[in-house]
Structures are given as structure tokens and as C-alpha cells.
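All remarks here apply to the structure that follows.
A, B, C and D are the chain letters, set down in written order, and residue numbers restart from 1 in every chain.
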């Protein structure tokens, strides 16, 4: 039984972590931290948790967490863990960081995309950017991938790794529901502006672009850049990614399909589908479902990948990384079945 | 480990039963029956279940079920179990019936509201109409209450049982999401007709009215009739019931609140709230949340009750009744935590 | 051609007024006022109006408006017109006020429900609270009714006026879309909190209750109080009101229906329907559609009324009142046809 | 005053035509035809039209229409006008055909994509495929473009016509609301399957692909093929098209923007925007709004175009074509202002 702390409990990812870890058979949540609602019961602030927990929101205290807990999850906004997590790094204390602060190894790139200075490079290099479905988490500081990045990288992995496409032809048209933008109130999250609407945002400037590029380059050093756009769709949860690329040498659908099936053969949470997946088929679960099609007329492969942005795209993947780090079964506490 | 069969697997309630029972620690689903898709794998017909089950849809066979299983769930349309379930009743084999066929003890009333003949009265009398949160299931044939009826009856129980209201003043304005109407295709379930819309339907003629009246009369023989209306709101899941009644002798809010808290003191799935509950706070769970307010100007008590129609209003309550029948902890396999 | 000014252009009602008056054949919008975006073009702030107008947002100036315009519409928040509109009242300059500031004739009642002091009573008494579909606007200061009040009063008018119901038995269960709450950002208007959700709010305390009561008392001095509740449903526009009352002396459906048809016989915007109206059937229009049903078992009449809260519930009714005041055809500029 | 007939009144496009033509100042609708609800009043079948029309649905009769009307609109399903419209072609009677039957000049291509035989080629060649915003309608038989095709072609016109892009690099990721698929009931249009969901469909096989290709080839004979995909998003109305292409010779954003502004300089219904348009900004109007961005890192231009599929994508464009054909102002009866 591992004792864990959640920092940033009041955001969407923090609440989803609470939901997952509260029923995780190997975990006891012992501390929940935030900067607001200090001293209040979680079930008073979020009445949906009434009767489910007696936990009280407390102030963050790194020493206290290291003394009393076995691991800490950061579900904080950008710019927080780069300050608060340094003590943990120095003590090599297990951290799963859901924010973007330690995902990029290059401080210049961080500065360019986050409009802010990163943590010192010595700290950055201690962190492991780890897609839970590719390889095994090793470092004590896990930089949990971003939601868009997760869906995009899993869609591109077999193509880029196996050199099946023209690397400069990748076009990613990604769509997200509203929880992806977090809880902060803005004109663009008001119901009246979202319902019956769709809009493209952060044109050529979404902060998940550099982490996708960094990872693709690790898989294939010849990779240079990808065209990546993000749009809001009127759903609360979910990311739907449409990826297009010219096939390197014209291949048929069967061989592309086979490349995906091999790449994810033993991965419990990546389902290579025979038809295009629908977003609703993964909501509430830790699955990333992938479908593909090849168009011989244009020589383009279309890949659709769908995830629940708060599960596989945040809290679910974080728990999966935690399971790997502590040697538990990968799907422990994560075996949610999709509903309607 | 109980072996169970689900009859009517392809409907919303059947699929939700599958979701619940598949991860229920004391249950093994061994048979799933339907009249369509015979011989097909469940995960082919419903690809969201890919990698989660190898079960194949088979034809219903009562003898086979009684030989190989410990219990059977009927998640069939109106009019099916009154024919197919008779063998089970004769053998006193455990049945949880989610349909309306055995909810009414009076064949005349069934005929009036369902426009059809009921099962013979000798069979009807073997069935127990059982709200899982009030009392303990005893009979081997459980008539699981309807979704509207569940939310309405739990809202009215303390008032009617304790004679706190004028019995002829009850007005129930109930709203449901679209899954409540089942999967059948109709003009009224087309997305374009539901989104941005709301409509009242089955005016003074909803088939859950007689089961509500039957149960209220059991709690208080002076009860005669209630005004009950049903409207569709543009959500997939959920029932939101607003109940109004004149208070018998003017009482204050505190004493009404206290009556509810006492009535549901030891009930894990009924949460008497301090403020009005929101629908989203129970979706995906087996909770019925209840809030109330008293208006001294009009002497009216307002009660809001919310449930997930497929959980507490169908499959969740069915599993809870199953747990009671087989002596398991009431919340076994049902401890879902609400999400955002 | 009347020159008009809109004060409070940036809110939902202000924008809807712009939409209506911009294509009104007898109106030229000459001034649009707000407290933000001063000096900016309307089409820059609201790009949906690109190519449709060259108007610039300016500061409010009562003298300037009285010199250059023929009438002014206030689409301001509560508490604004009670300060800014006094000059117009003193000069008897035509004002259509969409806010609640001049709807109540009793300063004590205003204070109780709005938690604020009203304008002086001498000013209040100059204003005419005018439902555009009942009678003819006469005063130069029109207090345009609230959205909930409009739908509720039109539903109750034939019953209360003609003494068809027990006056102390009225229960109104009203639901609104999100634009009804205005543009201000709040947790309760965030898409994630609205979609897939429904919630009751302002329990027994909605500020439209006193204007409904004031008007009902004018129609029938025996009226005392009504039970009125308000809930949010996940739509952008629209109000759906379910009204229940005990019928005074048991009457049949036909005579109730006939009372409604007579009451609204020559009213172009009130459609007494033969079946229950759906919300979508009036969206984008100035209609109030009404349907009714009588239940002989409970002796209760159910009345459903639906409106577009920004049209009949705000800007549409305001333009209709303007038409009456200036002697235009009642439906000039208002003959919108419902779409799907 | 032109007398017109609408064939296929009961579908979405037919009803939208009714809405537009009913308030068109130069039109009188005299005949509405369908194959169902014959002899019924339109306002009985679609109660939202109560009090707005006395028209009755009648059987189609070509001779009668040619004798009594000045033009006919076909808003029929695929495969209908290729049979019913031949008489009109032979008499050179004005037809606006919203279906796909006469859009393709090549019978082989029709057969491949529509899985059916087309009208005889002599008839096909009499029809003019006419985007209302590019050039002037001339032929008496107008094949009104498809909804996806309209949004895609307007987005690509300046790029393809002016040779600004690598022609083999076009990727179009198009999304549609549910009314685009018409009224027919299917599992994929059930509210529960659409809400909170997104799905790609008709992979590499949408029937609008060949009309897009045919038109692009007319603009630039070097054009070969485009990658085009279609997804459903949970809205009732609207098409949101994201188009990507490699710029031919690296150009800057300003020169691309300028090409669009020139191309649509005098087109009242195409608004070249300075920022990316949102879908809601055109709903209920005949506008096509277009925004673009250039990414120097990938040398890709991103173009977003949005339309209301039933207006610019069907009935609105049809009326615009009608206006051109009969010499009316292009925007007569079409000057709808966007609402919230």
C-alpha cells in the first residue's frame, strides 16, 4: 500500500487523479494540496464526493510529503512544478508530473513555447518524458505527456519508427473537448460560446508541438517538423486526432495495419481497431484506440486516434506510469469498461 | 462466484449490466442472449468492448440457463419477460427483471397503462417490486423499479410514509435524458430534434405512473393519485425529478431535512444533500442524491432527486438487488465515484 | 424612420436588439453604447457582424441621445437604468427598458428581491410594465417583462383572469438555457458544468417572482402567491415553463382550450397549440407557444409555454413594444420563421 | 413576383427553402410536393409553421408546375431528380436542383461514387454546376453544389486558381453537423450516439469528392486528386473545413491573405477574415467565412472555412443562384444577420 499526495487537487486532472487513486487497490491517498479552499473538506468543495472521503485540502509542504508519503502527483498549472518539485528531484523522491514543466529537455525551446523560463537544465535532465504505452518508466521523475501529444504520438509511432511515411508530409488535425483547457473561466469556455460551435485556436503555436517533435526526433532523427492544429469541439471530454501523411513507398492497407498491430501487440491500453474508432468508445477509460485507412489515389494514410484527455491524456496515464514505476500490474486500478 | 445470464444484452440496460457485472468480483457472466446478432461476438457488435470479452451472443434457452447459471437478468423490452420468465418462476429460479412486466400486481392496471395483457396473476404475485434502497429483497423474482419511479419514490418516501404532506397535492415534474427511451430509432431521438430542445411527452399517460401509485399506496393507504409529467432534456443519461407538495402542517425546513436524513440514514446509495443536487453529480454512479427546500410563503416543499437512469434507474439497482438476494455487501461492484 | 440608441450593446440582449433593429424597416440604429470597448467598431469586437455595420461603440450620453434619437433601448444589467434613465423620464422621452429596474412599483419589494434600493417611487410610477401580447403599450417608459415572467404570465393569463383555477395551487417549474443568465463568466456557465447536466438554482428566490405576482394580482386581486422554481438545462437559448394548477370547478379539456384560444385570438405572437409545443419550435422567433392538458384523475391542468428568452423574453418583445408605442404594425421586423 | 414550386418539402433542405422563400420579397411559393403526407397542411405536419402558411402538400406533377410556376426547386434525395426533372430540361424550364444528380458531367464517375446510373449524358450536359459566389449562373438547370463541396471549393479557389500551392499536397479535414446527413433515422443519428462523440465516416468515399475534383480541375487542369475526409461533430448545423497544403514557393502570410481578399472582393457572402472564423459566426446566414494562417516552419498554409450547411451549403446558395438566374440582387431575401 503506497501512500501518495496529490498537488493541485482542485483542477480537472487533480480530481480525476482522486477518482482513480481513491479506488486503486495499492494506493492510499493521504494528502491533497491546493492553494485555495485550504482547510475545507474535499466533499464540501466538490459535493459529488459526499460520503466518499474525509480528506481535507491542505497547503503544499515538500518535506512533509517526503516524510509521510511514497510518491507525489503534480496536477498543477504550467509554471508550478518547476518551482515546487525541485526538492523532490534533489532527494530522488518519486514524482509523476502531469504538467508541461519537465517535458522539454531544452530550456530555449521551453522558453519559446511557454513564454517563460524553465527549470534549470540539470533538473530537466533528471526527468523522463514517458509515454506509458511505449517502453517502461525508469526515472523517479516522470514527465507525463500532454493530452494532444499522447494521442498524436501513439498515432505516429509505427509510421515514424518504421520509416513508413515521408517525414515532411505529416499533417495533424487535432480536436479537443473543453476539459482539456482546464477550469479557468474564459469567454471561450462559456457554454453559449461552445455549444453548436467549433473553432481552431493557438494556430501553429500550441505548446504540445515541441514535445511531439522532440519525441518523434528520438524515434527517427531525420524528423524535422509537423503541421499540427488544434480545434475545440462541443464535448466535455475527449481528444480526436486525424493524422495524414504520404506513404514512403506505396504500400497497401494490410501492411500498414500490420505495422500498428505489431507495434502495440502487448500493450493493454492501445487498441488497434479494424474500423475507425469513435470518440465515445474510449471515454471514461484509459484506452487509446487507433484506426487507419490508406488511399491509393493520393497515397495518403489517414490515422484516427481517440483518447479521454483526462484519463489516457492525463490522470490515467499518470497512474499507469506510477504502476510501472512501483512494479504493479500496468492496468491495476485502470480497468474501466467503456459505457454507452 | 455466481454464474449469471443477461437476456436482452443489446439494449442500453443490457450493455450497462454487462459493464457492471463484468467487473463485479462475485460474478461471472456466462451467457448473453438477444434476438439479433446471434453467433456474433459482443465485441464485434459493440466495438467499445474490444479486448474486454470473448462472449458471443446466443439464443435464449431457459432450461440451459437454469442448468448452468445461478441467476438471470432480464433487460428486455416490455412484453418479453411476461412470456420468457415463466419457467424461472415455476422453478423459483432467481430472476432480476428490469422490465415493467412484473411491476404491477393488478392485471387490469397493467392492461390500461401498457395496452397489453399482463402475465397471469399467479405469476405476478410471485414477483417482488423492490426499491433496493428501502428494505431488503426477499423474493426470487425481483421486479426492478422503473427509472422515473425510482427517483420519484425515493423523493417522496419520507413525506408520504411520515404523513408530512397533503396527499392530494403532489406534483412531479420529471425530466429524462435520451437513453431512458431506449435504442429504438424515432424522429424524437434524432440528434437534430433533441439538441437545443426540450419537450413534454406521454402527457398523463407514462407507464411508470401506476407503479409509483401502487407503491405510495403501500406506504400510505390514504394516497389516491399524483400529478406526474415527463419531459425530454438534451442529455444522454440522467433523470432529474422536481417534486412539489403542500406541507401537511406547516413545518420548518430543519424538520423536513431531518425526516429525510433519518429515512436514509444507513443507505449507502441515497445521499440526502444540504443543497440541491446537480444531475452530473450522480452520473456513472449508483447514487440517488436528494435535496429539499421549504417555502413558507406557499407552504410548499420542493424536493429534487437525481439519478443515472441506467445505473440507479436500471442496471445499478438491479445489481444492488442481486447483491441483497445473494447476501453480498450491498455496494459490491457498485462503488463508482462520480467524475467531473 | 426612427433613429434609435441601444445602451448596453455588448450583452446578449443588446446584441439581439442590434440584430433585430438592424433589419427593422422603420428603424435606423444611430448610437450603440457600452462601458467597455469604447471607440472600437462593433464588427471588431463581435466579428460575426463583419461587413454588416460600421457602428462604433460609444459612451452613454443622455442629452446627446435625446437630441439625436427618437427612442432608446436599455439592455443593461440590473441597477444601471435606475440611474441612467432618470433624465429620459423627466423629459418623457421614449424608453424601452429590458432590465428589471422599473418593473416593480413597490420599492420595498424591489429591495427585498434585488438586494438593492430602487429608483424613487415617483419614477417607478411613470413606468408601464407591459406584456406586449396583452393590451397596448401606452406609457413612454416601458418596463419590458423578464424572460421567465413572460412565459409564465402568458401561460397563466387565461386561467387567472377567468378564475378557472384554485389560486393557491399554482406550481411553476421553469427551465432556462444559458443565455438567460447573461454573459458573465461563472463556474455555473462553464461548458463542462452545463453539458450533460441540469440544476435548480435561486430556490424560492428568483427575482422574476415578484413581477409575476404583481401582474397576477392585477388580473385577479385574490391572487396571493405562487410556487416558482428555476432550473438550468443544457441549451443556449430558450425557456420551457411547465405550469400546474388545480382546476377551480372540474372542467373538461375543451373548455380550457377554448379559454386560451379566446384570450389570444388576435395576438400574432401567441400560438395556442393543439398539442404540447417543443422548445425548438419557437427558437429564433418572437412566438410564445402554449399547449395544455387536463387530468381528470388529479383535477390538474398542465400548461406548457415555450419562448426564445432573447426574443419574446427580451429583445423581440422590446421591439414589439416599440412598434406599439410608435404605431407600427405589431410584427414589423419581427416576422421570423422557425427553422428546424 | 415569381411563382415557385418546392419538390421534396419534408426534408431539411426543403424546409429551409420554405423558410427562405416564404419571406423572399420576389417569390410566392405556390406548390409544395412530397411523397408522404399528401393532402396534409404543412403546418400540421410541421407545427412550428402554425399560423405562417396555409399550403398543403401535394403530389409532384411536372406539367402542372410548368404551367403555373416560374421555377422549381428540387430538394430531393439522390436519385430522384434524375428521373423527375427530365421534362423540365426538355422544356428549358428553370430548375434549381439541390441534389447531387446533375453535378457530375461524367456518367462513369457518377456511377462509381453514387453506386447508381446517372441521367443520360445529354441531360447532364444541360446542367450548370454553379458555386453562387464564383461567377454568374447562366443555365436554366442549376446543379447546386454540395455542402462539403461548397465550403471546400471556396477555401481552395484562390490557392488552386492562382497556383499558390503544390497541387498534390492538399489535405482537407472536413466536419459536419447532423443535419448534413438528412432526416433519415439511423443508429448514427440517435442522440445518444452523437452527443459527447465524434467519428470519421465514409472514409475516402464521400460522394462530394468527385464534384470537388471536377471543379478544381476546371480551375487548374494540372490538378489530380485531393485527400478529403469527413467527420461528424455534435452540432445540428454547420460545416467546419480545415484545409492544408504546401505553399508552391514559400510566400508570406500577407500575400496569401491578399490573394483571398482579391478573389472575393465583391462577393457579399464570402467574408475573408483577419482571424480564424468560428462556426457559430455563420449559422443561420448565407455567409462562408474564411481565415488562413501560414506556417514558415512546415511551409504549410492552413485555411479554415465555415458555413451553415443548410444555408450556404444548400437552400441559401440555391436562392442565391435563383436570384442570379432571374436578375435579382444577389442577396435579396438572404440578408440574415448572425445571432449569438
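Here is the rule we use: contacts are C-beta pairs under 8 Å (C-beta built on N, C-alpha and C of every residue); 3 or more make two chains touch, one makes a residue touch a chain.
Note that the coordinates shown come from a computational prediction; the quantities given were computed from them, not determined experimentally.
**Q** Which chain's C-alpha centroid is most distant from that of chain A?
**A** C
**Q** Please state whether A-B or A-D has more C-beta contact pairs across its interface.
**A** Counting C-beta pairs in contact, A-D comes out ahead.
**Q** Compute the distance, rounded to whole Å, between the mean C-alpha positions of chain B and chain D.
**A** Measuring from centre to centre gives 46 Å for this pair.
**Q** Determine the centre-to-centre distance between chain A and chain B, using the mean Cα coordinates as centres, and give it in whole Å.
**A** 37
**Q** Between chain A and chain D, what's the gap in Å when you average each chain's C-alpha atoms?
**A** 39
**Q** Which parts of chain C, given as residue numbers and ranges, touch two or more other chains?
**A** Correct list: 12, 179, 192, 195-196, 234-237, 280, 340.
**Q** In the complex, go through chain A and note every residue touching chain C.
**A** That would be residues 12, 178-179, 183, 185-187, 189-192, 194-196, 234-236 of chain A.
**Q** Applying the document's contact rule, which stretches of chain B touch chain C when the two form their complex?
**A** On the chain B side, the touching residues are 168-169, 171, 173, 175, 192-193, 195-201, 203-204, 225-227, 229, 231, 233-238, 240, 242, 244, 276, 278-280, 283, 293, 295, 297-298, 300, 302, 304, 306, 340.
**Q** Under the definition above, what is the set of chain B residues touching chain A in their complex?
**A** So the residues of chain B touching chain A come out as 12, 15-16, 18-19, 22-23, 47-52, 179, 195-196, 236-237, 268, 271, 273, 275, 277, 280-282, 284, 289, 310, 335, 337-340.
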